[in-house]
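Heads up, the next two complexes both have chain A, just with different partners, chain B and then chain C.
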Partner chain A sequence: MRGRGALAAGFIALAAAAAVPLVVRNSFALHLCILVFLWATLGEAWNVLGGFAGQVSFGHAALFGLGAYATAILYLRAELAPWWGIPLGGIAAAVVSIPTGLVAFRLRGPYFSLATLAVAELTKLVALNWEWATNGPTGFLITSLPTLHLFGISVDWEAKAPFYLSALAMMGLAMGTAAALSNSRLGSFLLAIRENEDAAEAVGIDTVRAKVLTLALSGFLAGVSGGFYAFYFRYIDPDAVLNLGISMEMVFIAVVGGLGTVLGPLVGAVFLTVVGEEVRERFGAGHLVFYGLFMMLAIRFLPEGIWGRSRKLLARLSAREARHAAPRG
Partner chain B sequence: MPLLEVRGLTRFFGGLRAVGNLTFSVEEGEIVGLIGPNGAGKTTVFNLVTGFVRPSSGDVRLGGESIAGKKPHAIARKGIARTFQIVKPFPHLSVKENVTLAAFLRHRARADAEAAALALLERLGLGGRAGKLAVELTLMEQKRLEMARALATGPKVLLLDEPMGGLNPSEVGLASELVESIRRGGVTVVLVEHVMKAIMRISDRVLVLHHGERIAEGAPAEVVKDPAVVQAYFGHGVA
Partner chain C sequence: MGALYAMIGIGLTIVFGVMRIINLAHGEMVMLGMFAAYLGHKSLGIDPYLSLLLWVPVLFLAGVAVYRFLLARVLSGGELNTLLYTAGLSLLVANAALLLFSGDYRTLTLGYAVVPLRPFGIAIPVALAIGFALAVVITTALWLFLGRTDLGRAIRATSQNREAALLMGIDAERVAALSFGLGTALAGAAGVLLAPSLYLYPTVGELVIVKAFVVVVLGGLGSIPGAIAGGLLLGTVESLGAVYVSSTYKDGLGYVLFLLVLLYRPSGIFGVGRS
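Moving on to the complex of A and B:
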């Protein structure tokens, strides 16, 4: 009942958001929305592993960058259109994450986190040095996009609307995945792993398998986001897509929005993208100071995240209303 | 054929031999007590049998099938469940969810797992606590939750690590009755315990461990008179 209601609400919200480009013509506003959708997808990708299963990765930029590189290389070297290349980029990231997870998940807690950091830095070094595959520090420039006719209309890649709709669909996929996961057996197992890994094993949960599956899912979503990034910004290099900053931003978005919640990363992405752009405009180079301050305040005063806290308040309100309504029958 | 068989089980931690060449067996339907002074290796034996620690050598068999070296989740699936000396609930999940997660091992559908969990909570006197978070329970209730969760995995053998530690005398009485009712339910029980009165009352057989080796085995009343046991607990010159 609750699941079906949430599903319907989600579809209505997505449909409403899809209509926005019909009304809003301001390309900066659409650009901000695209950034929010992209970061919300990335936050969601990180959240299924970090929030649900409690496995804190500091290296998700590697999966994002892998998707970006795979998609760009497939396009530039094999002329594979982005609508095939982006899902393949996601699959590439998922496939690579399986053996990586099998090794890294032998470690727990902070040791796992440090291992993910090391893997990401290693990936960046590989991208910088395997010039035959990656162009090294020069990166890839995507100068033109393939023509695409949809419903008899030729898609205008210079406009924001096609990217807006793709990013929205991508975020819908990520949130749908997270919602399905949170209602599944695997999702329940992930909570058990987050709560106490030994106890989870003791009751028969194959913790390594659950974690590796989740990492692959998370890697797919991060890889798809990377592919989208490559075609939206049309330029990638190791510093742009394999930066430690990207890994950290994904963590922040999930934490600020609400760890282990489905809507949290969207809320976190709205706040961090909008606040980030706003302070960048006002304070120029000093903006990181304010960004850092905002992060500290959010973690100090809202440890469950903005959405995590709101959800609790809403539950309390509706419980109170139910009590007041009760005497009337 | 015994249900659980341990043969020549040995485990070194660095240079320390925590368990040495330990052999024992447990028949179906028995309650076997595992006792010994602190550091005797009792918990290590549980960790070896349930796969949390790999044996250096030796074998563990359940119903004739070797399970030594398997992962804990695989051993749970084979039918050995355990509780932990220091309780390990899923603290921020509800009591019902704690047990439901374990019931998933034998029930695919959530509704079936939840029904099995609620029935077990009822049986263990935690029915009224189902909606609480595990972290909100008292120690006695958390120990019961550990048992409910272990039973929800549908075990043939249940290993209880100090189920009565930290409980007051009347709680110990209740816990003893609970262990006996678990056995009546068809589950074989091995328990580590320091509360002697309880272990003497409910065990069919007692196994005494000292420095990782078996120093005595037999009916509770006989074992306590064994000079080797008295010496292990109280030192030379007492016996």
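Moving on to the complex of A and C:
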């Protein structure tokens, strides 16, 4: 089942999800799906580093914002179309994260987390004050998107469907990356680092290299999401994309969904978006109250997350069935 | 500002020292102190400095309760879990305040603190001067408490070596709850003292917490004299930086200093050994 079966199941699920806009025309429903895909990608980006490698970052908004700014600046100043700009935004975030990681990963555990917090605040400060490049607090407004002809049809950017499909592809990329990572040599290194960094080093794992590579991967995914955000919402400013809140939401999605699992962030993102929309409607700006509350509840009662726990229960159920089917002795 | 930073830092460092918890909700406790002072002044007409007598015990008890009923139950989950837990707590408190008080920026203006003092031709805002004086008084009192009383010694002993403290018959759980209460009360008191000199808004904690970490890391996590020195250093660097470098990057200087210290002196300038 694992490996090829899971891969096939993933592709079938993606293909089924891709057909949804053919049936569902309600633009609010599609908007919610887009948010779920975007957040799932971000949660996965965080989870690769925080869940798989156990390196808790409170500064991932910096990578997200970097991708958003790079993409928007490339489009507005160099007229580079988003389908080139978004991957470049991801690469920019990955490139920046390498030297940052080389420095920050000299720190461990909570010290690393604190350093990421400071780096993110610095990034926001630079974005606010470096007016020449970033327009300062005003940010960027993307008024029109370039025309694109695919299969002879001109893409309608006012509709939700093109964004839906791009966000789905982005999430597929993130999950594929996470799945590949968890089955790879690097993935085992990360697991070893998470469980005991000294022991990992003692058996000859280059821990800094493994962590920096993972951070770059995570940065790429976060940067791509940032670029997508810029073009979907068409407006970015330091408060919207570089806020501590964004970093915390990524943490929330991974923790509630399931740290170190491939599907956890999707579950977390569904939870965040559904609960988030509901409480945002009722409580306005204070909806983060519930994120805080659920995060505390999750750590207290469900440290392996919703998906982590359900997976465990499923495994136990199927083990019991197997025992019933083939009784020993 | 330095003395107030120091006070916030001491609270954080005591909690870290005793429980190895990095309390990300510390900034929110400062915010609660600020709002307590503001509301007391606005609706009941209590002088904010006088209200310390009321808020310090209240916040102390609140801190003990938070530890007993919330934090103590997740401590076994390890360092990263408690870190994430306090992050959740911080989101919860900040946004509950946002719901209650709305996101407006408020100011607490005191009738007697409008005209700045002018000793030696340097203008010093009255509110900051009083805040500084009271912070010095409180810090000194705390210093005496930690150094001279049995309970204070128990707190220091637990933070130096928990197992040894347990062997000496110290109830480490009780010490932990008291220290958390103490940390909360200190943060809240600093908030009360800051209220007349800063803008009040529910998410001010974000700004405060980063500064508190700068202070604590500068002096070495877990070290109380370190936190005092770190607070004074940050206050000085920020005000000098605002004059000689640029006022927009004033906050940035603190972060840069923070990263440098984390990297090159992770045990702080006055560190008590690596933890």
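Points to keep in mind about this one:
Following the convention adopted for this analysis, the second predicted complex is superposed on the first by the 316 of 329 C-alpha atoms of A that agree within 3 Å, B and C clash if a C-alpha of one lies under 4 Å from a C-alpha of the other, contacts with A are read in each partner's own complex, and residues count from 1 in each chain.
The rule is simple: a residue touches a chain if its C-beta (ideal position, glycine included) is under 8 Å from a C-beta of that chain, and two chains touch if they have at least 3 such contacts.
These figures come from a predicted structure and were not determined experimentally.
In the superposed model, A:Val20 makes contact with neither chain B nor chain C. Using the contact criterion defined above for the overlaid structures, shared-chain residue A:Asp198 touches chain B, although it does not reach chain C. Using the contact criterion defined above for the overlaid structures, shared-chain residue A:Leu32 touches neither chain B nor chain C, since it reaches no partner. In the superposition on chain A, contact is made by A:Pro110 with chain C only, not with chain B. Between chain B and chain C, C touches the greater number of residues of chain A.
In the superposition on chain A, contact of A:Leu145 is made with neither chain B nor chain C. Once chain A of one complex is fitted onto chain A of the other, the partner contacts of A:Leu102 are absent, as it touches neither chain B nor chain C. By the touch criterion defined above, A:Arg185 reaches chain B but does not reach chain C. In the superposition on chain A, no residue of chain A contacts both chain B and chain C. Contact residues on chain A toward chain B in their complex (touch as defined above): 185, 188-189, 191-192, 195-196, 198-207. Chain A makes touch with chain C in their complex at residues 54, 56, 58, 103, 106-107, 109-111, 113-115, 117-119, 121-122, 125-126, 128-129, 244, 248, 251-252, 255, 283-289, 291-296, 299-300, 303.
Touching chain A in their complex are the following residues of chain C: 22, 70, 73-74, 77, 79-81, 83-85, 87-96, 98-99, 103, 206, 210, 213-214, 217, 248-249, 251-252, 255-256, 258-259, 262-263, 266.
Within the complex formed with chain A, the residues of chain B that make contact are 50, 52, 71-74, 76-77, 81-82, 84, 88-93, 97, 100-102, 104-105, 108, 110, 149-150, 152-153.
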